[in-house]
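By written order: A, B, C and D. Residues from 1 in each chain.
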Amino acid sequence: MSTLTETAPAAEVAGTEVELTYRDAINAALDDALAEDATVLLMGEDVSSDGGVFKTNAGLVEKYGRERILNTPICENGFIGVALGMSVTGLRPIVEIMFSDFLPTAGDAIVNELPKFRFMSGGQTSVPVTVRSIAGATGRFGTQHSATGESWYMALPGLRVAVAGSPGAAYSLLRTAIRSNDPVLFFEHKGLYGRKGVVRRGELAELGKAQVVREGADVTIVATLLMVERSLAAAKALADDGIEAEVIDLRWLNPLDMPTVKASVQKTGRLVVAEEQPHPAGWGATVISRLAMDNVSFRAAPAAVSLPDHLPISYSPPLEDAILPSPERIADAARGAVSAR
Amino acid sequence: MKDGQGEGATDRRVGWLRKMIEIRLFEEKVQELFMKGLIQGTTHLAQGQEGVSVGAIAAMREDDVLTMTYRGHGQALARGMDSEAAFAELMGRASGCCGGVGGSMHFTDFSKGLIGAFAIVGAGLPVAVGAAMSARMQGKDSVALTFFGDGSTNIGTFHESLNMASIWKAPVIFIIENNLYGEYTPLRETTPHEDLAIRAQPFQMPGIVVDGQDVGVVHDTVAEAIERARRGDGPSLLEMKTYRFRGHSRSDPAKYRPEGELDRWKARDPITILGARLAEESVLSEDDQKAAWDDIQSQIDAAADRAAEAPFPTLEETHRYVYAD
Amino acid sequence: MSTLTETAPAAEVAGTEVELTYRDAINAALDDALAEDATVLLMGEDVSSDGGVFKTNAGLVEKYGRERILNTPICENGFIGVALGMSVTGLRPIVEIMFSDFLPTAGDAIVNELPKFRFMSGGQTSVPVTVRSIAGATGRFGTQHSATGESWYMALPGLRVAVAGSPGAAYSLLRTAIRSNDPVLFFEHKGLYGRKGVVRRGELAELGKAQVVREGADVTIVATLLMVERSLAAAKALADDGIEAEVIDLRWLNPLDMPTVKASVQKTGRLVVAEEQPHPAGWGATVISRLAMDNVSFRAAPAAVSLPDHLPISYSPPLEDAILPSPERIADAARGAVSAR
Amino acid sequence: MKDGQGEGATDRRVGWLRKMIEIRLFEEKVQELFMKGLIQGTTHLAQGQEGVSVGAIAAMREDDVLTMTYRGHGQALARGMDSEAAFAELMGRASGCCGGVGGSMHFTDFSKGLIGAFAIVGAGLPVAVGAAMSARMQGKDSVALTFFGDGSTNIGTFHESLNMASIWKAPVIFIIENNLYGEYTPLRETTPHEDLAIRAQPFQMPGIVVDGQDVGVVHDTVAEAIERARRGDGPSLLEMKTYRFRGHSRSDPAKYRPEGELDRWKARDPITILGARLAEESVLSEDDQKAAWDDIQSQIDAAADRAAEAPFPTLEETHRYVYAD
């Protein structure tokens, strides 16, 4: 293995606007981060093989070499531990966890080590590790390869959680995650890789800032990941009925941007949560609870929350489709909220 | 006729050949149905590895059990899972072995001792250790087998399982299907040695390298390990040298293979090897073998057709799969 | 090792009422379950050594032998997997996980295997595994040995979650958990082991039923584990001020007994959540969210929720004390809710 | 004077003796402060194991790093952590090495290369592998050590870490402190062999059994493994045979020990062994040694007294420990 000092100098990352797929947006963020900072590296299973399992890493090994695009054995807990050791001694590892369902196989690293390491040391060090993880259903991958699990990790002080709902968000959130001196768990949705959108090369997302992706006065829909585009589709259908939905892409679960959500709900008085995971202990429950504690008055009829049944994801295609919130279900929930007395 | 069952009986190896052909053709059909969209998601075919499933499982007794991985079609069929139920599962139908909810990665059939197929690398190993312990604690002399890949020997659960099996002398056989790759990554990049059988060393159990392409050798080695476990002498680790003829999963063109590697392994096709031997020994002529392929092909086709007629499950129906109480 | 058939016949478990410590209540539940059913066994690190690390297993190995009280190596993910294999082949293992912080080291077994196993098989089997886990702060055990983490697991369909707030609850919940054909994660609080209370030997808790442990008309306090007794203490202080608090010991997080909570909050119109974990993605957020979605009207001023700062637990004794909800803080929250306009 | 630094220099071993005495007396004091309630929670004393910490760490260079466990007082002091900061940490004071938030199980001091102490079994191993890789990737020739117990060799992370270290030839030294017990359970109940060094076999790295009670032997073996790692020849697994004189933790009376075991090991006290040798070789007389004990005792007492005067941290102050940004 060679040493980092031999790597290429930081590339020009101009403020160009380009249309990219979500996959390529991630690729661009990785590329720009690797070019900018010689201490950044990407590691995980098959990350350097054939562009990685989801092809997000295409071209990187050719450019940065097999040391900075580092294939690991199959041992998630072990190699996140390795990343932790690297991060406290001068490097900025990005770890790819192929499916979010595998995050629990590294449960100790993710729950007990990364978030608590700086704290337990009394602030002596920082832990600049980004864990990229590929989340979500729609792939017919069955019960053990379809979780988002995004909310499990927002309970952990010390761990930032980012959720990318579009190509633009994917790029800028990932750049921010990699630059962060704290551990960030970054969720990509496998159902979005082919989607196109505008990416501003070089842009960093603001930590903890949600984005209003559509304005509207009648009902607020809060969404993450795949549910962002489904909420936008719902909003379109609702507009045909004369209902103007405001759609918020939450972008971060920790920190959670309650001010943005609150302002919107205070305006619309109605809330729909579009989330691809069971309701109990989810971010949707947290958002609603925060508003309630904050004395925001809003309609919260049961239909106003579009939540999957409390069931694991099935392989069977019609079942997988039925369990996820569809644009129709989100729109119905919004209609319910609007018509509630 | 060393693998035969004695004078007058049909040579067991004819059954093994037929079973390997069934698995091969089943998986060909899977590929075809995938193209048609009748099967979705992903599949991990084990074509080229049939000798391991068929040989090992032939050595099992009816009350023995096994766990396996997402690459488990071969084991399921070898253990007698009905191919219609298997196709139906792949098509997500209510009549599938798991009611259509499991899919390709979770072929399970308790009535056949197929007690679990795991999509998480390494997860099936401790479950087999538990089943083995359970049998012994209940005064039975049945054993458990667990199949997993070369790449799975790098995850902690492998180590934990071998250690527990060893200290408790659990009647369990660990079977590595070493097909030289974990997804796209060759073994030598993730493991410091070629023969994984040496991973048995610190656990005081036999570690044996086996030619996985020779179903007879597989059978005999596994039979011996099972005997050992059954009489209370503890676990074994068997490394089957084998190869998958296709990519890791549906989306993998397997471009990472060095030139010629696939051809070399195709020359060691377990079906060809056994077929040639049976012809040579005049147990089953080439014509008879040809007839067998045709016969099995039409059974497979018919099973797939019947499976495609079954209804999909409803979400309601799956609610009762969540809790037993 | 001998075989199960040689074990003792089921013991008489009369309906006697006894005063026991929380520790002894657990010991009694284990003893009665082991006596009743020869397929039950207890396994984990040091479970048979000197009565177990928290002495909950005193006397069991002498009575049931080293096979049914089975010491394991240190490998949580592995031995929960072993328990899973046992459970689908005729046994009913109880697994002890010494500290709840170690549950994530067995993350795969707990998140992907136990809850989903029956489901993925299309209901072919059941998974009667009880995972006992010792939770909670107050022990000065520091950042990696003080979590409750109780809510992380309520998001998982297929996994029952029980939380024992008193000796009586500990006994009957544990008996129900062991008898259940589904996997149950059973939380014990290490700060409660010395507490005494009435135990009805032989009693089973009803699945998913919360318990009103004190009646009152002015404010509802919902609590789990150690917070149950702290809420009762708060209620006592409140009574001196003329405020009558109703205290609910939730007992189960999955299923969650919303009817009991809802009935109480509809009566009192005010809610305080007393939970020993950060608010985001917690059961408190879930309860509040459910009520809001259900159009229950209740006061939810910020002070009405008594939640720890979003900080890891510190070793330093004054900090550990400061971060946990004290009876005073709970009472203050209740006063805030009562006086809110 | 084989361990000396040449003519005229003070024998390094005198320093080692003093350091072992410091650790011994520090932990005696910890026990005393516990009884007084000044230290709370739990502590895991390493009395009897001082030879391992002191010998191994003496072989390190200043820019080398190490990770350890909850039983880490010895390593921390051996690496030069100030005993006042250590006491203050144990008393939960703001002046502690971790601001009082870490406590006994998390002695960390980046300025001394003490980059992490882990309360979760096995968690420190991959972190050391990462630190070792990191050094090499940054063109440095520093190495990482990681200390852990015999019981920790049963958890998956051990296996994963040795495998990664091996395939990447990471400059890391794995040091097992085999004190014969994991909590209350003897090694033979959880492990199928006595010598854990053989667990190196499948990883193509040296596995060496070392007398952990002889600080000189420890030093020399570790120095050699470090040299090997530094020149790029990869990791080593060293098994230190040692013993803890007290129970696993504060609440453990250690009744599970077979009779006579403790006495046999006390006869192999690393301090006594080195002390006798130094007296015999006339490097340090018994009187001088007695004076050293007294001198160190008063330093320890003074450090503890000073530590007890420091304030507790406030909750506010700890907020900034959560996030760096």
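The working rule: a residue touches a chain if its C-beta (ideal position, glycine included) is under 8 Å from a C-beta of that chain, and two chains touch if they have at least 3 such contacts.
As the structure is a computational prediction, the values presented were derived from the model and not from experiment.
K.L.:
Could you quickly compare A-D and C-D and let me know which has more C-beta contacts?
P.N.:
Between A-D and C-D, the larger count of C-beta pairs in contact belongs to A-D.
K.L.:
Suppose chain centres are the mean of their C-alpha atoms. Which chain sits farthest from subunit C?
P.N.:
Here the answer is chain B, farthest from subunit C.
K.L.:
Mind checking the centre-to-centre distance between subunit B and subunit D? Centres are C-alpha means, answer in whole Å.
P.N.:
Inter-chain centre distance comes to 47 Å.
K.L.:
Could you tell me the distance, in whole angstrom, between the mean C-alpha positions of subunit A and subunit C?
P.N.:
Comparing mean C-alpha positions, subunit C is 31 Å from subunit A.
K.L.:
Using mean CA coordinates as chain centres, what's the subunit A-subunit D distance in Å?
P.N.:
So the centroids are 40 Å from each other.
K.L.:
If you average the CA atoms of subunit C and of subunit D, how far apart do the two points sit, in angstrom?
P.N.:
Here the centre of subunit D sits 37 Å away from the centre of subunit C.
K.L.:
Which subunit B residues reach two or more other chains?
P.N.:
Those would be 100-102, 106, 118, 120, 154-157, 160, 163, 167, 189-191, 318, 322.
K.L.:
Could you say which residues in subunit A touch two or more other chains, in rising order?
P.N.:
Within subunit A, residues 72-73, 75, 77-78, 101-102, 105, 108, 112, 119-120, 142-144, 157-158, 310-312 contact more than one other chain.
K.L.:
Which positions of subunit B touch subunit C when the two form their complex?
P.N.:
Result: residues 65, 67, 96-102, 106, 108-110, 115-116, 118, 120, 123, 125-139, 144, 156-157, 160-161, 163-164, 167-168, 318, 320-325 of subunit B touch subunit C.
K.L.:
Can you list the residues on subunit D that touch subunit C in the complex?
P.N.:
40-42, 92-93, 100-106, 118-122, 151-152, 154-156, 182-185, 189-191, 252, 255-256, 312-315, 318-319, 322
K.L.:
Under the stated contact criterion, what part of subunit A meets subunit C in this complex?
P.N.:
Counting only subunit A, the residues touching subunit C are 77, 101-108, 110-112, 115-116, 119-120, 142-144, 149, 151-152, 154-158, 253-254, 256, 277-295, 300-302, 304-305, 310-312.
K.L.:
Please give the residue numbers of subunit C that touch subunit B in the complex, ascending.
P.N.:
Listed in rising order, the residues of subunit C that touch subunit B are 1, 3-5, 39, 41, 67, 72-73, 75, 77-91, 93, 108-109, 112-113, 117-128, 157-158, 160, 180-182, 207.
K.L.:
Using the touch rule from the top, collect the residues of subunit A that touch subunit B in their complex.
P.N.:
These residues of subunit A touch subunit B: 45-46, 49-50, 53, 71-78, 101-102, 105, 139-145, 309-312, 314-319, 322-323.
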